[in-house]
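Chain nomenclature is as follows: A, B, C and D, assigned in order of appearance, with residue numbering initiated at 1 for each chain independently.
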Amino acid sequence: MADFNVNLRGVGSVSVIDVKGYLDAHTAPELENMFSKLIVDKQFKVVVNFDQLNYISSAGLGVFMAFVEQMRDNKGDIKFSNMNDSVYNIFDLLGFPVLYEFYKDEKEAVNKFSNLG
Amino acid sequence: MADFNVNLRGVGSVSVIDVKGYLDAHTAPELENMFSKLIVDKQFKVVVNFDQLNYISSAGLGVFMAFVEQMRDNKGDIKFSNMNDSVYNIFDLLGFPVLYEFYKDEKEAVNKFSNLG
Amino acid sequence: MSLVELKFPLELSVKSSTDNLSVIRDFIKSTALSLGYSNAVIGNIILAVDEACTNIIKHAYKYSHTGDIQIELNRTTDKFVITILDSGIEFDSKLIPEPDIKEYYKQRRIGGLGMYLMKKMMDEVVYSKNKNKNQVKMVKYLP
Amino acid sequence: MSLVELKFPLELSVKSSTDNLSVIRDFIKSTALSLGYSNAVIGNIILAVDEACTNIIKHAYKYSHTGDIQIELNRTTDKFVITILDSGIEFDSKLIPEPDIKEYYKQRRIGGLGMYLMKKMMDEVVYSKNKNKNQVKMVKYLP
């Protein structure tokens, strides 16, 4: 059973990560690896599309905390899109909306990067 | 949580029982009660519509064995309709198709009674 | 893609009430799913465990809710092993004849299908005693 | 309509592996469903238990898969009580400061959110010792 799935797509100069299923302490390392690869490839503009994510625990949240600074230090960012309410509520409870940008649509999130140049 | 639900409808002279959810040793008594009531009311022509039944164990199967003879002794019957494959497989494995009539549609099953008068 | 590889044994303990059958079924389902069985086979395993536990509630504990049912799940290289223990009335499965399904219907008996289904659904079903408890061990070969 | 009224206590025992988190979540889900909580609240309870068990795996057992995690569920007249036991490294929760979420982000720490979430999601969270085991007892008021 595939509990969690992470997929990378390029949309212009932006890297879009699709996350799917259950993101917990067991599956978070896979997302971590994806971010590590992006760093190696110098891809710092990242949108994470949560459309198919059912569940997130603090282990998943920690991955974004671990990498966002590096992205920003390199003129990039991690932006979030297409999050369902139950997942958003966890982010919200922990104050993430102060620190991260959330968008309804992936396209909106991607465009924010182009606007910045 | 409603694990099981049983509902009675009259279609002409036929009693249609809709079963819904999980029919196991815990919920079978409810179906039993329904059949007991039909006997008291002298309603012997019964179609059981399985359209929304997800699961059946031997406790559920036993209910039909317990009442079918009384129905037949009174010129009635218990006929089955709208069963999904997984539920049908259990009936099949136990040889029920030799003893009971199974129909795709409720209407077909109901009509069989009218044909018999 | 992240695969979950459950670390066995897993164990569920519940009181001997038919109210708890749904929790038992859900436990078997989530375990069997991660072992890669098809939905049809998962349905069969669930049914076998339901029947075994129903029998324990009915016959070993005579519908008292105070008994314990312990379900232990294990996997070997090629088998999914389900061991169910109870401390109810002793049971010698050898005394129960294999039902002849044709005879069964001639006599129009109402019960007596549970153990037959268990054997049909599983690859092995063995009753025994384990430290003063009744044990039924059911095996399904891994997919 | 047939209502299921689970007979408590229910108990699940699993090995200390993150592989088993999904089975733990499914167990909590099927129990909480039958207690009548909304889906949103069920999600919160599941998260709290996931965080508690993740901490046990990470901190009490240091990611060894050989430890035991025991989850016991009870209900009183007005409470759903979840007791989680482990035999790992002793833990004094009083030594862990309540995180200041603002400070937390300033320092950009990566962990440290689990216990905060547990307390937010549940009505009571109490750590203690129980016969040489570590115990965390979490309560959610019944709906």
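Quick notes on this structure:
One rule holds for everything that comes next: a contact is a pair of C-beta atoms (placed from the backbone, for glycine too) under 8 Å apart; a residue touches a chain by one contact, two chains touch by 3 or more.
This one's a predicted model, so the numbers in the text were calculated from it and none came from an experiment.
Counting hops only between chains that touch, subunit A reaches subunit B in a minimum of 2.
Averaging C-alpha coordinates per chain and comparing to subunit D, the farthest chain turns out to be B.
Separating the CA-averaged centres of subunit C and subunit D is a span of 28 Å. Per-chain CA centroids place subunit A at a distance of 43 Å from subunit C. Contacts with at least two other chains are made by residues 4, 19, 22, 34 of subunit D.
Multi-chain contact residues of subunit B (touching two or more other chains) are listed as 3, 26. Chain contact topology: the protein chains form a pattern that is neither a line, a ring, a star nor a complete graph. Every pair of chains that touch is listed here: A-C, A-D, B-C, B-D, C-D.
Subunit C makes touch with subunit B in their complex at residues 18-19, 21-22, 25, 39-40, 43, 46-47, 50-51, 54, 57-58, 101-102, 105, 108-111, 113-114, 116-117, 120. Considering their complex, residues 1-5, 21, 26-27, 30 of subunit B touch subunit D. Across the complex, subunit C meets subunit A through its residues 1-4, 33-34, 36. Remark: subunit D residues 4-15, 17, 19-20, 22-23, 26-27, 29-31, 34, 65 touch subunit C in the complex. The part of subunit B that touches subunit C in the complex is made up of residues 3, 22, 24-26, 55, 57-59, 61-62, 65-66, 69, 86, 89-90, 93-95, 98-99.
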